[in-house]
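Supplied in structure tokens, the structure appears directly below.
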Amino acid sequence: MYDKEKSLAKDFLDGKLSRRELIKRFGAMGLTASSAGVLLNMQASNALAADFDWKKHSGKTVKLLLNKHPYTDAMIANLDNFKALTGMDVEYDIFPEDVYFDKVTAALSSGSSEYDAFMTGAYMTWTYGPAGWIEDLNEWIEDPEKTNPNYAWDDMLEGVKSSCAWNGKPGGELGSADAKQWCIPWGYEQNNLSYNAGMLDAAGIAVPTNIDELGEAAAALTKDGVYGLGVRGSRSWATIHPGFLSGYANFGEKDLNNDGGKLSAAMNTDVSKDYHSKWVKMIQDSGAKDWATHTWYQVGTDLGAGKSAIIYDADILGYFMNGDGNAMGGKLAYAPFAANPEASAPTPNIWIWSMAMAKASKDKDATWQFLQWATGPEHGLFGATKMDFVNPVRKSVWADEMFRERLNSSYPGYVEMHDVSAPGAKIHFTAQPLFFDLTTEWASTLQKMVANEVPVDEGLDQLAESVNVQLKDAGLG
Amino acid sequence: MSYLEVNRVSKHYKKNQVLQDVSLDVESGRTLVLFGPSGAGKTVLLRIIAGVVEPSDGTVFIDGEDMAPVEAEHRGVGMAFQNFALFPHMTAYDNIASPLTAEKLPASTIEERVQSVAKLLKIDHVLAQLPRALSNGQKQRTALSRALVGEPPLLLLDDPLRNVDAKLRFEMRLELPRLLSGRGATVVYVTQDYKEAMAMGDKIAVLNEGRIQQYGTPEDVYLRPATIEIARLFGDPVINLFDVTPNQGADGLFASLSGVDIPLPDLSEQIAGSECVLAVRPENLEFVDAKADNAIPVIVEAETPLNEKVITLAMTTGGREILLSRPAGAPGIASGNAHVAIKIDSTLMFDKATSKLLGSNSNESNRGEAA
Amino acid sequence: MQHVSLIERLLRGVALILVVVFFMFPIVWIVLMSFQTNETILRVPPSFIFEPTISNYKALITGKLETSAASLEINFLRNLGNSVLLSVGSVALALLLGVPAAYAFARHKFKGSEDIAFTLLSFRFAPPLLVLLPLSLYFQKIGLADTYIGLIWVYQLICLPLILWIVRGYFEDISPDIENAYRIAGHSWFSTFRKIALPLAGPGIAAAGLLAFIFAWNNFIFALVLASADKQPVTVGALAFVTASGIQYGQIAAAIVLSIAPTLALALYAQRYLVEGLSLGAVKG
Amino acid sequence: MRAYPLTYKKLTPVSTTASKRKRSGFISRAALPYVLSLPALLVCIGILIPFFTAVFYSLQRYRLSQPWAREMNWGENYLNFLTDPGFWATLEVSLLYAVLTVGLELLLGLAIALLLQRRSRVNNFVSIMLLMPLMTAPALAALMFKLMTNQGFGILSYLLALVGVDDFRWGSSPDTALFTVVLVDIWVYTPFIMILLLAGLRSLPTQPFEAAALDGVPRIQQFFRITLPMLTPYILTAALFRLLESIQQFDIIYAMTQGGPGDTLTVFQVEAYLNFFQSTNVGRSAALLMILWAITFFISNIFIKNWLRLRERARGEA
């Protein structure tokens, strides 16, 4: 690190320089905005150091298992600061997303102590937690000896934070008082609409505000080789959790009933059947032809390539597809979406990329040192403003003017969409260990419905019956 | 002193008995012929001697030493295979040189000895060729050269003339005894051809169904075959066999053949009244006048002149086929009715039930049987 | 050769062209794709006319790709190196272990040899997942997890039975007399094995080795389950271009091309062994 | 024929005296085969241990996410299959897939091998070209076909649309999913069969064909009466290798459709993989794989018995 740059950054933090002036001077020195950000963050980290013994685990190494993801890129870009701050070293293994979770399961189930911490989603902790592979992080968060005073745990978005906490009891409410913090939110995704503004304008179609309008709009937009609505459809839990469950939850529907710890299927109600019918028809009329193999990346690229008009999926897909490398880059817009016409606000189900600590880790305190930095406010702000660390999970980042401004300028409606739907955003699934069994079967049932292999109501009854059998089998029903 | 001794060797593969209690010995510098039909166990016995097959039971001694713990490569044996077994990826030269390279002899010595043996066998012009480029005769000579080149004290030749054409076989049959006798090696020679056996062997061991049937000099085997089977195998055309039941007459033993009473020579055994087989070699039958003693009436069916002899097929009145052989040029009858007589002193008598030769102490020369 | 009519020759020609088109088209298409940017790949209708770019290959080789959204770090060359190391190592070990064993099974019919040979072969057909998962536990305990040695060992599951089975057939096809002759000529069994059996079974060993190499190269799941990112082969590495910020189709294509190239080069080199070598030995009755 | 003068020099015999004879080496003759095969066996035994662990797992009620409920339930995982329609669907689609792919690949492979039988520059070149798909890892081949069948920019979808089939959904429709994965399988593995059969064809002796041609036997009959029977051992080997791999297919199906759409392609390994990695239901996963192993063992047993018999017969004739 160069002294000149360092002193500039220090001046800025001390209030001797304006931000504009700082960036100008950095620019004069040939630094890009993002590396300038790294420098800045470094100084901010140094400022942190005064209040907390960051050097306590100096010389130690933590090893991470990471998914190939912009969050990972952002973290690695800032990693030198962590090393400087703590004197620790960080090693990491990055796996492609297609195989990432299988790799995690393989590593954890083998009892490997190779990885101290890893990226995960909240759903996965419903397996990892009971299996005894990960730690309850409350132990560290609540210990002032181990957690720096500026960590600001309460700064985390409430719905996101509590979605990562579960008491381990099948059907137990997320974020309950006795819940264990299995992982720390890192970045998250709400499921709303991202759409091709040009296409909607050209067709004279208003942004749909409920599922019926969405169906109509999608049908009207399906023409000239473009299909109206992009949603996932592969035979996987991933098909259920984004738009589909967000809309489903908006009707007040649940996946499972919890009768005093006894779980049973709840997806064969009349309302659910109605919702399923609309969903299936929407895909049949205006979905991708190869919907049944679509995972998140086909949904995203099709929107980015101008092959679909609207997606009801993760907001960050729309975010990334608005970038320069895409045919439709800069032409996308965003809107919150409440599927139920009678609902007052959207209730997006969320996906949370989080960090968890492996129980097999040999030095958990040192690992926590890394985790609190990686999920702390400074790195969050750095990632959100300098890199593509969207969506951030901290209120303070969302309140940051520079961040809001940056989004508003190139991603119209994105911030508003987030603000509107954030209060209702949480995991709407019932936490229980059969999550993947049931959602995979659910996805498979949807595929059969879309292929007209089974009528919607019959399919749901069959699904419910099978789910009940499996729950009983596993001692949950 | 016997150089090679095979002592009560047996070999079986699972339940299949290939050799049973075989014993042999060959004196130093002599040639033993192992004779027998295919499947008799000759090749297996040879491999046991060479050390590439282990006997199930019994011992092989070479030069007085028990070979059981000695690997093939240390037995000092040269072997030529019926199928030649040349190394297909080596030139004829390297093939022949292989026993010498094993001895780690200097290249010049190897060269000299290979050339020498190749010249001897007239293949020195094809030494650079791979076996697939050689004619069958050249292959055979290469294989033989390979067996000879190391001057092994014991040579095992497994029917080396089997897979070569008739002309070459004829030539080699003349050539081989000279080659071998000059080298002072002890030889075990396997063949299915009785003439080869007679020509090559100082002694012949007749092997059949895994047992030694007879062990003796070529004359022994030809003149006093131990069994009907051996009598049939040795001799061309094949020996005539007549089922007879000898009776004791006033003048001694006689047998009735096509209604003619034929006097039989005296034998040590009492055979009167028991079923026997009278064996007469074709050359011991002759055409006679109808009035001659013991003339048997026959009808001549066909005559086949060969170079040095004439074979006649005739039928007795009882419907039995008999073969006669006479030197070419000797008088005979080409067709129609005729009479033949048996040179009675040259006949052989076998016990029909056991098929063993009667009237001779054949056991004496058959150690396999005696054991 | 029998007389072939003009019509038949014509039909044969057409059939041959169809076959070549069917099997080569995807490869050609992928090669073309590897010289395009995402933008031209995603163009409708697809077109054979485009401005070729080597940026995909450059990205793979330099390990860095700048996109609008993010700078991707790619370690594809490392994946390629891992594939080479794992495949070569596994085949070498499998040959080292398998050829002598195949020789033993072929030449020395010993008690239970047939059963052992069959058991070994049946491993080739055990579902890999079945052993892989418990194996990861044991590897953890004995320290073989995440090591090349451990991986090469597991790769024996694919390579060893294949080599054993094919090479054994070749040894059996060599007349025992040829080896006996060499022994009797005064050479030890080992020198017989080396100078006679090995050279004569050479084409078969080469063919079996080549097949084993292909199967090892194409394996996907072993390294994924058992090793860390720095030991992953190309089959896993090629998936790295699918990220939240977009799929790099051109690079996937370039990665596929690069991952086929080494095996193809090897196959070109050893082609005669493959066709001619397989015509003897195990495949034969 | 002239008799040769025996001018051969008398040289020192190779081994003369018994005392000089060396005994066998330190490895005795009986032990040799065991010594040679031992390393290979040891390596395999290392893989045997996990195998038995897997058998043990298959007899347990064992979910990683419910460690407290882990217990031996003996054959229950297997018994449950009897009443589990999912299992029977798995069995059916696995067998169907195997029979379809192997059958088609054998036909196609044989046809191509016959086309290329004659040694010529063109044929050799083509046979090398055809090796390329085999060199492509199935996982990557599936990826290639996924790109080519993409509804947006996929060349195959585009070409189909050009000829008027504009609603062909490849792996995304239950009607065409099986076709699609079988197509990929054929693309990857037909060259394997082709190369084995080509090797076989080229090694057939020519005499029977010449004799048949002289006798005026029509070529079709020559094929069925001579070529096919003589090629049988090759066909068996190729079929065995392919059948056992095909019934265990994972890479292609998982990469193309993850077993979907619906439950169309939930073959054994895909189902077992999902059972382990997503549901972490180790007991069921292991039991599924054990059944699969039993099937492959059974098939290979039959094949190899036949193969050995054919081999013996071929030896006997030789």
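The first chain written gets the first letter, and so on, giving A, B, C and D; residue counts start at 1 in each chain.
Assume a residue touches a chain if its C-beta (ideal position, glycine included) is under 8 Å from a C-beta of that chain, and two chains touch if they have at least 3 such contacts.
Remember, predicted model here, so these are calculated numbers, not experimental data.
Where centres are the averaged C-alpha coordinates, which chain has the largest centre distance to chain A?
The chain lying farthest from chain A is B.
Consider the two chain pairs A-C and C-D; indicate the one with the greater count of contacting C-beta pairs.
If we tally the contacting C-beta pairs, C-D comes out ahead.
Hey, how far is the Cα centre of chain C from the one of chain D, in Å?
14
Could you grab the centroid distance between chain A and chain C? Build each centroid from C-alpha atoms only and quote it in angstrom.
One centre to the other, that is 39 Å.
Indicate the whole-number Å distance between the mean C-alpha point of chain A and the mean C-alpha point of chain B.
Centre-to-centre distance between chain A and chain B: 94 Å.
Could you state the distance in Å from the CA-based centre of chain B to that of chain D?
Taking the mean C-alpha position of each chain, the two centres sit 53 Å apart.
Which residues of chain B are in contact with two or more other chains?
Each of 71, 74-75, 99, 103, 150 in chain B touches at least two other chains.
Please list all residues of chain A that touch 2 or more other chains.
102, 106, 109, 305, 307, in rising order.
Which residues of chain C are in contact with two or more other chains?
Each of 42, 44, 133, 137, 186, 188-189, 239 in chain C touches at least two other chains.
Chain D touches which residues of chain C in the complex?
Where chain C meets chain D, its residues are 1-2, 12, 15-16, 19-20, 22-24, 26-27, 29-30, 33, 41-46, 96-98, 100-101, 103-105, 107-108, 110, 113, 116, 118-135, 137-138, 153-154, 156-157, 160, 164, 169, 186, 188-189, 214, 217-221, 234-235, 238-239, 249, 252-253, 256, 259-260, 263-264, 267-268, 271, 274-280, 282-285.
Flag every residue of chain C that touches chain A in the complex, lowest number first.
Touching chain A: residues 38-39, 42, 44, 67-73, 133, 136-137, 139-140, 145-146, 224-226, 228-230, 232, 236, 239-247 of chain C.
Please give the residue numbers of chain A that touch chain D in the complex, ascending.
For this pair, the touching residues of chain A are 101-102, 105-106, 109, 126-127, 130-132, 233-237, 288-294, 298, 302, 305, 307, 433-434, 436-437, 440, 443-445, 447-448, 450-451, 453, 474-475.
Sort out for me which residues of chain D touch chain C in the complex.
Against chain C, the touching part of chain D is residues 14, 25, 30, 32-34, 36-37, 39-41, 43-44, 46-47, 49-51, 53-54, 57, 111-112, 115-116, 118, 122, 124, 126-141, 143-145, 147-148, 152-155, 158, 187, 190-191, 195-196, 198-200, 202-203, 213, 219, 232-234, 237-238, 244-245, 248, 250-251, 268-269, 272-273, 276, 282, 285-286, 289-290, 292-293, 296-297, 300-301, 304, 307, 310-311, 313-314.
Over in the complex, which chain D residues touch chain A? Could you list them?
Result: residues 63-67, 69, 146, 149-153, 167, 169-175, 177, 256-263, 274, 276-281 of chain D touch chain A.
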